[in-house]
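For reference, the structure I am asking about is given below.
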Amino acid sequence: MALLEVKNLGISFGGLRAVDNLNMSLEKGSLVGLIGPNGAGKTTAFNLLTGVYRPTDGTITLEGSSIVGKTPSEICKAGIARTFQNIRLFQKMSVKDNVKAALHNQFQYSLLESICHVASYKKKEKEMDEKVMEILKVFDLDVYADTFASNLPYGKQRKLEIARALATDPKLLLLDEPAAGMNPNETAELMETIELIRKKFDITILLIEHDMKLVSGICEYLYVLNFGTELANGTPDIVLNDPKVITAYLGE
Amino acid sequence: MENKKKLLINVVIAIVVYAAVMILLNSGLLNRQMRSLITPICTNVMLAVSLCLIVGFLGELTLGHAGFMSLGAYTGALLSLNLPFPPYVSLFIAIIAGGCVAAVAGAIIGIPVLRLRGDYLAIVTLGFGEIIRSVINALDITGGARGLSGIERLTNYNHFTLVFVLTLIVIVVVSNLINSRHGRAICAIRDNYIAAEACGIPVSRFKIMAFIISAFLAGIAGVVYAHNIGILKPANFDYNTSIEILVMVVLGGMGSIKGSIIAAVILTALPELLRGAADYRMLIYSIVLIAMMLFRNSNFNAALIEKKNLKAMQKLQKEGK
Amino acid sequence: MSLLNSILEQLINGLRTGSIYALIAIGYTMVYGIAKMINFAHGDIIMVGAYALYVYSSILKLPLVAAIILTVVTCSVLGIITEKIAYKPLRNAPSLAVLITAIGMSFLLQNVALLIFKATPIPFASVVNVSGIRLGSLYLSGTTLVTLGVTVIAMVALTLFVNKTKAGRAMRAVSEDRGAAELMGISVNATISLTFAIGSGLAAVAGILYISQYETLMPTLGALPGIKAFVAAVLGGIGSIPGAMFGGIILGIIESLSKAYISTQLSDAIVYGVLVVVLLVKPSGLLGKLKIEKV
């Protein structure tokens, strides 16, 4: 059984059909790219998968159970985490607390324990701290643990967002243009990190990206969107040489 | 380790403050006017700290905090006037009940929070505050505009220990909460509610939670207020009162519990101690509000922060290597 | 017959108060549309208008027309100044900061008035010198006639201005997309100033009409009509000028009917209740549209 199964997914905003008849099937452990020209509906597809928008038709199932109609926080609990195209960090919180906030559902204790700071609170907090540092180390962010998120350089902010998403212990990680605004060196480093976290955390990754070097370098399978509908899918070498795809990107 | 040190310092500060006030009270160094300021200072600290939870940490503006306070004050006063128990037992029940009634109102006001943010929410809370006041004004049981009098003064300076303990409880509750998974969720919502939701934090639940806790604590402050002043009038809980509390939070740096406490102490004590300044009090408040906001968002302030960050960054990079 | 008569009378009262609310609400709505902020101090401009008229006509003994014109000019200038000093530096600041500044501005105006004119209410007889008319058993006072007349004229003029002139078009463009308008060569600063000037000018007119009705000057006189007009603007859908007119009149009628038939003491609570219900059921108001944040 596929990890994520999307069937006939569609959404309309008034008369605009932003995503139409999208079908996807992601196997567990795969690294899949979602590409397409600007305005093709890629981010909208992410918003549908994470419950920001409710689809007007179609189904989304994660490990066999439907997630349509769930709130974003419920979907996160179910196992889908994401990053955002325009970075959305908790700016006025420390790097450590950014990740800690994402551990919200992993380490639970009651409001009473929060207010009284009893022994069980201290134990859980200590476990959280250890987990946070473990995740931050993967991204070489551990030295910045006490820095405000807003003070990090751009590339590190992107990394922190991925770290935060991983902290929710997802089965599926959605990355929305992770290499946007990065120089070639940073992009190369990012590709390594993505490979690394995929193995280390044993997760499935779906990413939106315009950097074709990155896409062809790490993705095993691609879906191409154009005008909200699926244009092609297949392995990178087939899809990227498909005349339809080239026309969609470059025009006639 | 560092946390323990901080905790120790705070405990020492609390003991010193308590001891200092007790010595001043018992040695008779304080005149009547200064003694009568002690409980209002504590009440305002409670109000400012509880409002700080919403304005500073949840990042929403409410203009109806005096409404929560009035619910606590009237509930507490009516209970201690009518309950047949010994005064302190009644007061205890009044404090709990006052907090609870305010918390229920907090939950009701929390509902619009789910749909509204920013400006609209501020206006709705203002509306709620005014509705509460109008209703209190129109009811018989609250004495209407004439007020509710004859409340036993169980929280005036003669009962400083009790008032001090209550104030400490309010401060500890809020500061502990902020350093917990619940508090982090609340701050995450302030910084970016969309990302918070995407990280598995149920935004609606935590917004309502913040409102309920804040209202509960404001309700307790209201009970203390009622049993210090002895007579309640709806006019004591108008829009201006809400703004006064807001000024304390803003002056305290919005999001700093210590700042809110210090601002509450200063803004309560100063106008009373400086004769003549009382006339200019609201004028000064308004200028403080505008100046604080202009400064916080000025280029000058941004440059200061940047400079500080740069230094910290350089230090980190050195350590990294 | 007498019930019908009393209802009609209340409706006219409501229409009179409502048109004052509408004039104020337009200021809120225009500023919100263009500067994306709630100008809390707007209500206090009404107060300034009332005091200014008092100073010009009663103290300086200027002729009425000159006094009225000067009042409107004073308020417009004040509106522009408040924007330049307090709001302009905060254009890119979080909305919480702007709102707090606006609240501070409102308090500042009130307290400056308090220092100059003291807290004791000053009686100030109506400047409206028009005799009322009788329609059957119904009596329309001079103030009512003038209020309705002035409101209609102001609204028609404003609608024409916004829809037919170049400056009006610039305003609509800025409210739609400030950045794009700027790129098209529209001076955003000038447009925002103009908006504050018009809004405050209308508030001055509202202040004159309001004081003609209540005939007592107090530093806090603007707060209540200000907040109610804000409710009206929200009711009609903030950002929409026809919405503000419509909302103001509906709110005036609701208030006057609830004062007459429910309870005088609770009429304010009812007005706020309307606000809460509207915001909960249809936050965009009756004629407004809601913007959704893009993810």
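In this document, chain identifiers A, B and C correspond to the written order of the chains, with residue numbering beginning at 1 in each.
Please note the rule applied: a contact is a pair of C-beta atoms (placed from the backbone, for glycine too) under 8 Å apart; a residue touches a chain by one contact, two chains touch by 3 or more.
All values reported here derive from a predicted model rather than from experimental measurement.
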item	value
Most widely separated chain from subunit C, with each centre as the mean of CA atoms	A
Central subunit by CA centre of mass proxy	B
Centre-to-centre distance between subunit B and subunit A (centres being mean Cα positions), rounded to whole Å	39
Distance between the centres, which are taken as Cα means, of subunit C and subunit B, whole angstrom	33
Separation of mean Cα positions, subunit C and subunit A [Å, integer]	48
Shared-contact residues (touching 2 or more other chains) in subunit B	194
Shared interface positions of subunit A, touching two or more other chains	52, 84
Residue numbers of subunit C (touch at least two other chains)	295
Residue ranges of subunit B in contact with subunit C within the complex	55, 59-61, 63, 111-112, 115-116, 118-120, 122-124, 126-128, 130-131, 134-135, 137-138, 194, 239, 243, 246, 250, 279-280, 282-283, 285-290, 292-294, 296-298
Subunit B residues within the subunit A interface of the complex	173, 176-177, 179-185, 187-188, 190-192, 194-203, 209, 255, 309, 312-313, 316, 319-320
Touch list for subunit C against partner subunit B, complex	37-38, 86, 89-90, 92-93, 95-101, 103-108, 110-112, 114-115, 223, 227, 230-231, 234, 263, 265-266, 268-269, 272-273, 275-276, 279-280, 283, 293, 295
Of all residues in subunit A, those that touch subunit B in their complex	50, 52, 71-73, 76-77, 81-82, 84, 88-93, 97, 100-105, 107-109, 111, 113-117, 121, 124-125, 128, 143-144, 147-148, 151, 164-165, 167-168
